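So that we are looking at the same thing, I have put the structure below in structure tokens.
Just so it is clear, A, B, C and D label the chains in written order, and each chain counts residues from 1 on its own.
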Amino acid sequence: MIEANLPILPIVVLLLGALMVPTFGMRNRAAAHPISLGMLGLFVIAAFGLFQKVMDDGIQHYRLGGWEPPVGIEFVVDLLSAFMLLIIAAIAVLVCVYARVAVRKEMPTKEVPFYGVMFIMLLGLSGMVLTGDLFNLYVFFEVSSLGGYALMAVGHRKAPVSAFRYLILGTLGASFYLLGVGYLYVLTGSLNMADVASLMPELVGNPALLLSITLMLGGLGLKMALFPMHLWLPDAYSYASSTATAIIAPVMTKVSAYVLLRILFFVYDQNLVHDILPIDGVILWLGLAGVTVGSIMAIAQKDAKRMLAYSSVSQVAYIAVGIGLANRWALVAAMLHVLNHAAMKCCLFLITGGVFQQTGSTRISAYTSLGRKMPWTFAAFAVAALSMVGVPPTNGFFSKWYLVLGAIDAGQWVVVAIVIASGLLTGVYFFRMIARIFTNPEAGAPVQEGARELPLSQLAPILVLAMALLVLGLFNSWIVNNVLLQALPPALQLGS
Amino acid sequence: MRALVKLLLGVMGLLMLYAGSGISDFGDVHSPASEHVSDHYIENAYHDAHTPNVVTVMIADYRSFDTLGETVVVFAAGMACFLLLRGNRRREEEDA
Amino acid sequence: MIQRLFDVVVGHWPYAFTVVLLVIGLYGMLLKGNLIKKLIGMNIFQGAIILAYVVFAYKKDGTVPVIMFDEHHHAIEQASRYMNPIPHGLMLTAIVVGVATTGVGLALLILIHRTYGTLEEDELMERLRRDD
Amino acid sequence: MIRRDESVIIDVVTRAMVPIIQIFAFYVIFHGHYSPGGGFQGGALLAGSVLLQRVVFGRDRSQGGFPSRLGIPFGILGVFIYSGTGLWAQLSGGNFLQYDALPLGFDAAMLRNTGILLVEIGVGFAVMGILISIFDDLVEGGLRR
């Protein structure tokens, strides 16, 4: 029975978690964290089981309410969805382990609603990944966004202002997506992705179809902080609490990127995307601009969280470049970078959160000589930084490698040049920080005397992520061959 | 900046009007939107659920997962207001 | 081109009105200086999208999608006699989403007003800058 | 603090209106099968009746109608009724939310009818509780400086 219902199981577990945390937490605040951890543990097991099942048996279809697809809503879980779900689950459970101390210190009276809203946000993200229905995706889009707005509004004094700006722009993005779905619905009469895709060829060239794809690109671009629409991101990430940033930054923008990939390659007609309206070219050039601008802005920052936020802009733009190139290796690079960037950013944001907790500051100047006081934390930082730059044994190298391969396949030498240049720029800001962390302070520079190593429950997730960066680097050929190459859109699979 | 946004708004309005030429006319009985799945709903709703209101059958049975999502959205808003506005009180009472 | 736009305005006049409403909402959302007005603009924008869907649902001579019965108590299940139920159902969900988003937005505005004492964007920016 | 003007007319009219609104709200929820209506609309009306009391009598004196602390629990209950219906169908051998698998002994169409009613009641509870909870939170948050 569990096996037949496996695709819905992650959603059910998260829903029960979202209900159980406030139910038991209202009476006893201390219950909130163990319950969350337990339910997220079940979530990881469910996600892993689903991944295993998809690996063994191929694409899973699940009919909600028992109605067949164009009538009812269907979950379609292919390798790509299961892969994304596994990333969400892993990040969630690691951040939850870390959160026990951090949330209690940063917002002692808000533990219960914090975990409740966190479950709701994860529910929205998982639903977006699993669903095979365009309107259902919008509903989960809004569920995850509402959770995100609330989580981002707690933290620094200025957080509500940046969260409100995010709310206005996020709603704009979601509404654009809704309008795009509306045009698709009017033209095809269906909301199921596979059904819409099968009706698509006869509609190519229709102005409403062209507008719908433009609106969807705009809406999803806003949510994934694609270059000219990234203005909400740095403020929102740098003023939110460290736990919230550590869970939102790795997954939120990536899931929007996943939706963009899903819609461009599985719903719309390839000719439409490429020939009639050069959507892939637009994404490619916006992505390249984002890579450059994000890296340059990151160098100029004095605040560590803000620097990481701008680096997020440039890393998400890598994924956009991969989607825009739209050939086999570029898409593999985009998907691999989703995994790599989630692990790297989660690790780095957890470390900045830990430093804020021990020193009370997120400014880069506060990091002087901390390497001696918090050796384990900053060993992990060094690994993550090397991975961000793309130094070979770490996983960050491989996604850039495949991206360059894809760019060479497509004959886009500009992309090769910009990817390499941006790697160098990333090197500038991370090596500058590493130098500050591990060298002796200059005379007169302020040193944080009180800083001590983080407690084990916070150190463990950071070290696990740092180890994961190395392990993923070693096993990346397995991931690419057995997961990502099989997860490609049918038109780009090997042998087609 | 403001002028640019105004220009973009105008362009968007014109584009939407232009896109209107691709969709079937207002009130068209045979538009694709009102033939494909919609007919199935109208013709089977009463038989399937003994409920004359097709919209109710659609939102609560055929597409009930959407409505579950809708309920979760409402719940999310409630929890969000709980997170944002409640919870400072205990500390204030301790201060006082 | 102009001819085509004119045809749209004539043949789809309710749709043309929703486009106007949508642009008004976007204008309020992006260019108004007061945060409450931005929120109101967001509501107008969502309302315009909801109306656009409802316009798409209309069928000439169609009635409310509640099944009617003839004199022998047989259900009349002729699809062309009822309006399209799908957009109505979808928009019920979208309305609820709009309500929820407005609620969260208002909660954020209360927090902002409590901290900075203003909801005018230029004053707020001034106070944010002084806050550093 | 906002000053409350005592007005016999408003008090009496409110007292008379609240039960009528609530009966109409239940009518909207339960008659949603046969006419436009349903859980959300009915829940919003129920919340409206309580909010009318909040506005007229003030926060403290209207706690007898619906205490503030019950808002979120009602929301939890509503979502639980909805997802519980889905899970019940799943545990009885169907898919999630497949009402005709509910073990109640009716024929399939009647089972779906019952399932629709159950989830509409869930939506009604959730919307009522959460709208009141949001209103109370906003009022409380606005008063405190």
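By definition in this document, a contact is a pair of C-beta atoms (placed from the backbone, for glycine too) under 8 Å apart; a residue touches a chain by one contact, two chains touch by 3 or more.
The model shown is predicted, which means the values in this text are computed figures rather than measured ones.
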Requested in this report: By the contact definition above, name the pair with the higher C-beta contact count: A-D or A-B.
Outcome: A-B
Query - Most remote chain, CA-based centroid, reference being chain A - result: D
Query - Rounded Å distance, chain A centre to chain D centre (Cα mean) - result: 36
Query raised in the report: If you average the Cα atoms of chain A and of chain B to get two centres, how far apart are those centres in Å?
Result: 25
Query - Chain centre separation (chain B, chain C; CA means) in Å - result: 9
Report summary line: Per the C-alpha centroid definition, the whole-Å distance linking chain B and chain D comes out as 20
Report summary line: Listed in rising order, chain C residues that touch 2 or more other chains are 26, 56, 66, 86-87, 90, 92-93, 96-97, 100-101, 103-104, 107-108, 110-111
**Report entry** Residue list for chain B, restricted to those that touch at least two other chains
**Finding:** 16, 18, 20-21, 23, 33-35, 37-38, 41, 47, 52-53, 55, 59, 61, 63-67, 69-70, 72-77, 79-82, 84-86, 88-89
Report summary line: Residues in chain D with touches to at least two other chains are numbered 34-36, 38, 40, 72, 76, 79, 83, 96-97, 99, 127, 134, 137-138, 141, 144
Query raised in the report: So that we know how the chains sit together, what is the shape of their touch graph: line, ring, star, complete or other?
Result: complete
Query - Sites on chain C touched by chain D in the complex - result: 64, 66, 92, 95-96, 103, 106-107, 110-111, 113-114
Query - chain A residues within the chain C interface of the complex - result: 135, 138-139, 142, 146, 149-150, 153, 157-158, 160-161, 163-164, 167-168, 171-172, 175, 178-179, 182, 185-186, 191
Report summary line: Residue positions on chain C within touch of chain A in the complex are 26, 29, 35, 38-39, 42, 45-46, 49, 52-53, 56, 86-87, 90, 93-94, 97, 100-101, 104-105, 108-109, 111-112, 115-116, 124, 128, 131
Query - Residues of chain A touching chain B in the complex - result: 15, 18, 22, 64-65, 67, 70-73, 107-110, 113-114, 116-117, 120, 123-124, 127, 135-136, 139-140, 142-143, 146-147, 149-151, 153-154, 160, 183, 185-191, 206-212, 214
Query raised in the report: Can you list the chain D residues touching chain A in their complex?
Result: 72-73, 76, 79-80, 83, 87, 90, 93-101
